[in-house]
């Protein structure tokens, strides 16, 4: 359905200035995505550093101290400057469009949230040139991360703390923005139970961010006080408690993993119905499952601490097992969305299927860790590295890739190259499994996490080499991705308003949309207003 | 070039943006409530640390090594007490009462602007801001007194938790004073009326929150009885 | 957006190419594991299993693993199979012009796939809990009690008396295996206590063949029981610290040597007798100068000391770190140079005198054998 846009007034500002000072959620969303990809590449390079060192036994390329910095910063960049902001960025772009709003509730706060991120990233990177970054793991356990003689954590750890507090503040402000936008700015007819699942996942995610992130802020501040002002919060030699840090830290960091997956699940829930030409199976069940995951997510944090001997094991074990149930409900609903559909195997759908197949593995191997005695064997080994990458890469990254291919036409007005996209998917899928599947075996065989080197007689050589080759394969697939982006921006075919025959409101306006988003909105009588309008079920206006 | 005025009103996208609360609370007030929720969780983390450290300690408050003779740290509640023949001062009780009073004055200000009483609103806000500043000054004085007695951030778990909890609360009071001052200024230049006072409501909600946190903190740190190990 | 016929056949070609590459890749991997695919399959399956346990507790965990593994494989095959089948079966065909049936959901299906997983999950929890209750035990009636002391970046093993409080013999696990390690009696229940100095960091005691690990947390003492199978007497199991503890975390290895129970008792009695035997008193008088070295906060308090060349001298070593083992060892040149002297390791707070033989003039380093980052310079002239 063709729309016309109002011609924008000729701007007396340069394009760069307009981007730097914009409060338009679409531009901000795109900058979030670009910023997140930059840090994805930095985090990826750090991962290649880790994998290069581990390919063979012996310390060939870096010192043990530098190695500790590599994996610490890899995880820090990936979690705090890639996954979480990437999903916030897509939410920023998509949510106001999908609810028929002209922008977010607080556009200037939105811009503030964005610009805190590159600043935080620079602070983190500064560690590399000021004598060493944080090196106590992204979990930064006390007392190692405190002022210990042999901790080898210098001022970089303080830069790390400040950067994370900045990022946390950015997240919390973003969450407030999303919640007010979703509750108060929906178009007429868009009741809560007609919102797209993407919006629902952003809603639940924002509740998690709002309530959990401040807790890690408090932990980081207490750590900072211990490190710099002689505090005794986590210093066992002065009455403090090392386990206290872990409890406060994980109280945030466990809900954080749901922050990292729920919007990606939302993206998959948008892609599957469009590319199956059927509605999402079990829309309401989806919403309840999402809310259940959010709520249960606050009750499982100590399953990261089973081996400390300091937690009430049965409670956290049963809650961890229970959280598999709403996740399973979603999995079945996704599969039955495709069931008896007409699947269009374009790149967005391929990545969504990749999400389903790989996140399933991540969920299954997580169940092993939920069983406490098995966790005694698997905790802090490469099994956990396998699990976390299957859910975060196989889950979140594949979801983000799918979402990127899906919404790129809307954001830029051009289609991405399908052939390159399919090849990128295949190479990424193979590389990902080659990197992380062997880690199940490595963990079972006894290879602990966070070791710079391993004994050549332990029997881990071959699998580590395979994992490293896989890592470089993933890197190659990302080069293909970059090439596709530049190719498509330059000469991709024009997309038009609705290249995928979408269901939701963002496809009811031009690609890219005008600054004010919509000239007119179709009638909203279900969770698929554009679908309804296309097939004549409602008036199109 | 068309403008928004040329679009038919029922399709004007701006009409869907709530300009004032013709359906529930306004955007800024909802935003402030959510922000306060996040602040509650932040203090929750700090409180959790305090409870944990306190529970692990056999002796609470711990012994003050710089006291002669060594005796447990003591936070004095009453304004004046005679200790060993010398008067000992503590401003905390007066400060607490003043902060509670400031919540009342703040709410009086909100009620005033709701009925378009701009003068009453400004007067109430001035009182609130002054009371807030006095609270902060009294807190700082108490810090100086306690510091002289040997209680500092680095003097052990008691000092660390006391100064972190009260310090961050003080920082929030300071932020609240700034917020109220901005609201006061905006009121003085005539930006608020009975139809337009979201910022006042938001700032007052934040100020009440700061007051409630203090009442909890004061009770926890000053009033909750300590414990000694069984002999 | 319809694609042209030419690009659709190109897409199919790319798809076929990708599938072909996948098949070739998998075949290469199978080839790499050896032409015998069955052997490779068995290896893969064994790879997905933890090692054979050498303790009774570990064996129970391995049985639990089997239960969970079977459930996991079943779920994987069913769901993954469903996904793959759906993707293949329901691809859009050229004749599909009208919409497929727009099924919105099915409440019975929702009920089924909520209740059935709940039952499976509760079953897994119950069997896990039962195993936990027999694995996570620490009984004070264990016949042998050992304490593993962690530190940056070494392990020390203390063999305790029956009450579990008095240390009868301490053995330190050196970085380069010189015959050190934790001796344990096979067939007998051992209570292992874990301790680390409150000034140190968190470590973890992990033996893969026990299928068990436990954190060593400063400020807390944890303990657990294990019983090495009698049949495994004579074997050595490798162990490693499994909680990031700093730069040399990956070198914090240890061995567990299982011997028969009588062998263990004899060995321990011998070691205790050796330790109790008073050493020959040092020749009185000409002892030479005394160099004072002290350790505090896992650092030497002196960075530079000096001694006279060509005459024996005494080091008065004061260990100020409570409960933490230190010593002074002297190396030629750099801390990793040839070791010319190693003093006895002992826990603080205590002071010991070391008698050092005459050294040639030159620069030496003194290093703590337990904490290799504690270094200083000794100038002999």
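Note that the chains take the letters A, B and C in the order they are written out, and that residue 1 is the start of every chain.
Keep this in mind: a contact is a pair of C-beta atoms (placed from the backbone, for glycine too) under 8 Å apart; a residue touches a chain by one contact, two chains touch by 3 or more.
In this text the structure is predicted, and so the values were computed from the model without any measurement.
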- request: Could you tell me which chain lies farthest from chain B when each chain's centre is the average position of its Cα atoms?
  value: C
Among all chain pairs, the one with the most C-beta contacts: A-C
Statement: In whole angstrom, the CA-centroid distance of chain A from chain B equals 35
Field: Centre-of-Cα separation between chain C and chain B, whole angstrom
entry: 48
- request: Could you put a whole-Å number on the gap between the CA centroids of chain A and chain C?
  value: 31
Message: I need the residues of chain B touching at least two other chains; which ones are they?
response: none
Task: Would you pick out the residues of chain A that each touch at least 2 other chains?
output: 240-241
Query: Of all residues in chain B, which touch chain A in the complex?
result: 1-2, 11, 13-14, 16-18, 24, 27, 30-31, 34-35, 37-39, 41-46, 48-49, 52-53, 56-57, 62, 152-154, 156-157, 160-161, 164, 168
- prompt: Which residues of chain A touch chain B in the complex?
  reply: 6-7, 9, 100-102, 105-106, 172, 175-177, 179-180, 183-185, 187-188, 210-219, 221-222, 225-226, 229-233, 238-241, 244, 247-248, 251, 516-521, 541
Query: Where on chain C is chain A touching in the complex?
result: 1, 3, 7, 10-11, 14-15, 18, 21-22, 25, 47-51, 60-61, 64-65, 68-69, 71-72, 75-76, 79-80, 82-84, 86-87, 90-93, 96, 99-106, 109-110, 113-114, 117-118, 121-122, 124-125, 128-129, 131-132, 135-136, 152-153, 197-202, 204, 206, 208-209, 211-215, 217-220, 222, 238, 240-251, 253, 297-299, 371, 373
- request: Quick one: which bits of chain A touch chain C in the complex? Just the residue numbers, please.
  value: 63-65, 68, 135-137, 141, 143-144, 148-152, 236-237, 240-243, 276-279, 281-285, 307-310, 313-314, 317-318, 321-322, 324-325, 328-329, 331-333, 335-336, 338-345, 353, 356-357, 360-361, 364-365, 367-368, 370-374, 376-377, 379-381, 415, 418-419, 422-423, 426, 430, 440-441, 444-446, 448-455, 458, 495-496, 499-500, 535
